[in-house]
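Every chain is named by a letter (A, B and C) in the order it is written, and numbering of its residues begins at 1.
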């Protein structure tokens, strides 16, 4: 008979996993070694050094421009689009097919077309990030509007509310949680888009660093850069999740 | 057949206080005896049944079945569950044969036994159906067939007719009585219905809550085979007595 | 008004628009639909597409099978054993949301410039969504079914195989469906980064030549592969979850 004991905290197990991971890493390097695989300690050292270098922050600044601008465009264009699709069923029925295709298509394959048409500058990078991000924003905003209780709209109409009031008093507040979710997911996708840009499109900044370190066999710095990019991604997503929770705390009717 | 001595189980509730689910329960169940267990919610009757079944641990005391102490589930006991607990993706035949399959019985033999039991509970022709296609009463018949298939010495029934409507319940009671006449097993039957407890049982174990303990054991000396139409007056007297005791318990709680 | 499928009308309208804009614009990066289709036919006949498609599919299948195996085992373990979930939970969630391609340079340095790296990228893309869905599905298995099985003497292995897995199947299939989509993306992205074999490589090469028609032709093939893979999984899904009652089936 196995009683189910409640785990007091997950932290010790999480730390255990991390320790096992590092140990396996060190063991692997010990056995295989070589220029291409740095040790854990080397990587940590390189990461710290990178964080203090102007080179890295310069690269971060340039690369993140595409992220910020692309994400903003995705939100500014995507939220209204999604809301329209949610409200007007006819529009949605025609757009649905394309949204489904977009959700499954690897956006990276569009890169050559973008480069051919818009070139290698900031514009094409921003466009790619926007494309990555916007589908999530649209789909979630649409879902948010669709799940608003129709009887509330009916109720508002019965009290004489016009289209504008329905929007501002019923639809937008009701759809807000889902819209925030879409924005959060969109941010995650935008970060992915930025990484794709750096690795596959035009290696201006962070991507350039990665290529350089790879070419020069500077493995610790290569891994360090990757760790930093990962950290930024996770940080942004955590912030987005926190922001979403904060803004939609008292809004959902349970 | 079953000897329970000083059975106690307590746990820490959600508010941090210790709850005595069972305290000092002593009970003897004889060979081929049909015992019903009755009591208000929280009196520990389900805990008691699960302890006998070997599905839940206890803190103090012993449970001995035919000389052997209970250490876990065993092939000498089979359980019939209140919400049927049938595998929704399996056919009736596979559901009835489930216990046999767990014990490693060969396919031909277990299917043959399953079929004969399906016939006994009156579900011939439904072997290939899935639980989703059956009514509640039929599903519980499958549950009973499954329990009988493993040829247990003790049949443990946890409010088996609680989840069906009254008409179905009466039919199932009659069927259970006739099945029991044919295959005399030891049965421990939990119910919250006084009429059911008196109709089915040789003895009614009346339990009270906080702490869970046996308040009284009321014998039902009516002759077998029993039937709902015969001897109703005699049973009504005992039922009335039981209800008085239960009402006292409810009032004490206020 | 006759109920015509809106999707088809929409696609047809889109095709017409593509053709018109392509002809009018006359730019290398937006050739008309007919040009693309002609180029596609030529590439198929010339054998380039077929060879690369085969390469890509091999990468996809191997990567997906590995993701499936790893994902199911890990997911079931996380769903069934609280300690495993505690240990792995945050890492799985983190890796799920992180941009998976960022690991490509690492795989490149570990596994070299070949198929192995691409397959590793595919796994990185697909496995975590399968783990999460499987874990969630396993946790959601009704406890009374597990209890019933134990009461009839089922061993731990039997409980996992005969009760938890079938009960969790519908939700697991949802994760598998998402995983397939991500696997295709991983396949393409991996092939574009490690431009050795496959459709991703042709896309990059065509782009380098400013050959818009070829890029779009391959893009069409990629979309067909993606949709086909998802449709295949949906068919398997329907077969496995035949027993789920209609009302509770979510068709997303």
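Structure notes:
Operating definition for what follows: a residue touches a chain if its C-beta (ideal position, glycine included) is under 8 Å from a C-beta of that chain, and two chains touch if they have at least 3 such contacts.
Model, not experiment: these values are computed from the prediction.
When the interfaces A-C and B-C are ranked by C-beta pairs in contact, the top one is A-C.
Put simply, the chain nearest the middle, going by average C-alpha positions, is C.
The chain with its C-alpha centre at the largest distance from the centre of subunit B is A.
The distance from the centre of subunit A to the centre of subunit B, each centre being the mean of the chain's C-alpha atoms, comes to 54 Å.
Each chain gets a centre from the mean of its Cα atoms; for subunit A and subunit C, those two points are 18 Å apart. Averaged Cα coordinates give subunit B a centre that lies 49 Å from the centre of subunit C.
Within subunit B, residues 54-55 each touch two or more of the remaining chains. The set of subunit A residues that touch two or more partner chains is empty.
Residue ranges on subunit A touching subunit C, taken from their complex, read 4, 7, 10, 13-14, 16-17, 36-37, 93-98, 101, 103-106, 108-113, 115-117, 188, 191-192, 194-196, 199-200, 210, 214, 219, 222-223, 226, 229-230, 233-234, 237.
Contact residues of subunit C toward subunit B in the complex are 144-145, 147-155, 158, 162-163, 166-167, 169, 243-245. Listing the residues of subunit C that touch subunit A in their complex gives 6-7, 9-11, 13-14, 27-30, 82-83, 85-91, 94, 97-106, 108-110, 181, 184-185, 187-189, 192-193, 200, 203-204, 206-208, 210, 212, 215-216, 218-219, 222-223, 226-227, 230.
Only residues 53-55, 73-75, 77-79, 81, 83, 85, 87-90, 98-99, 101-103, 130, 132, 146, 150 of subunit B touch subunit C when the two sit together in their complex.
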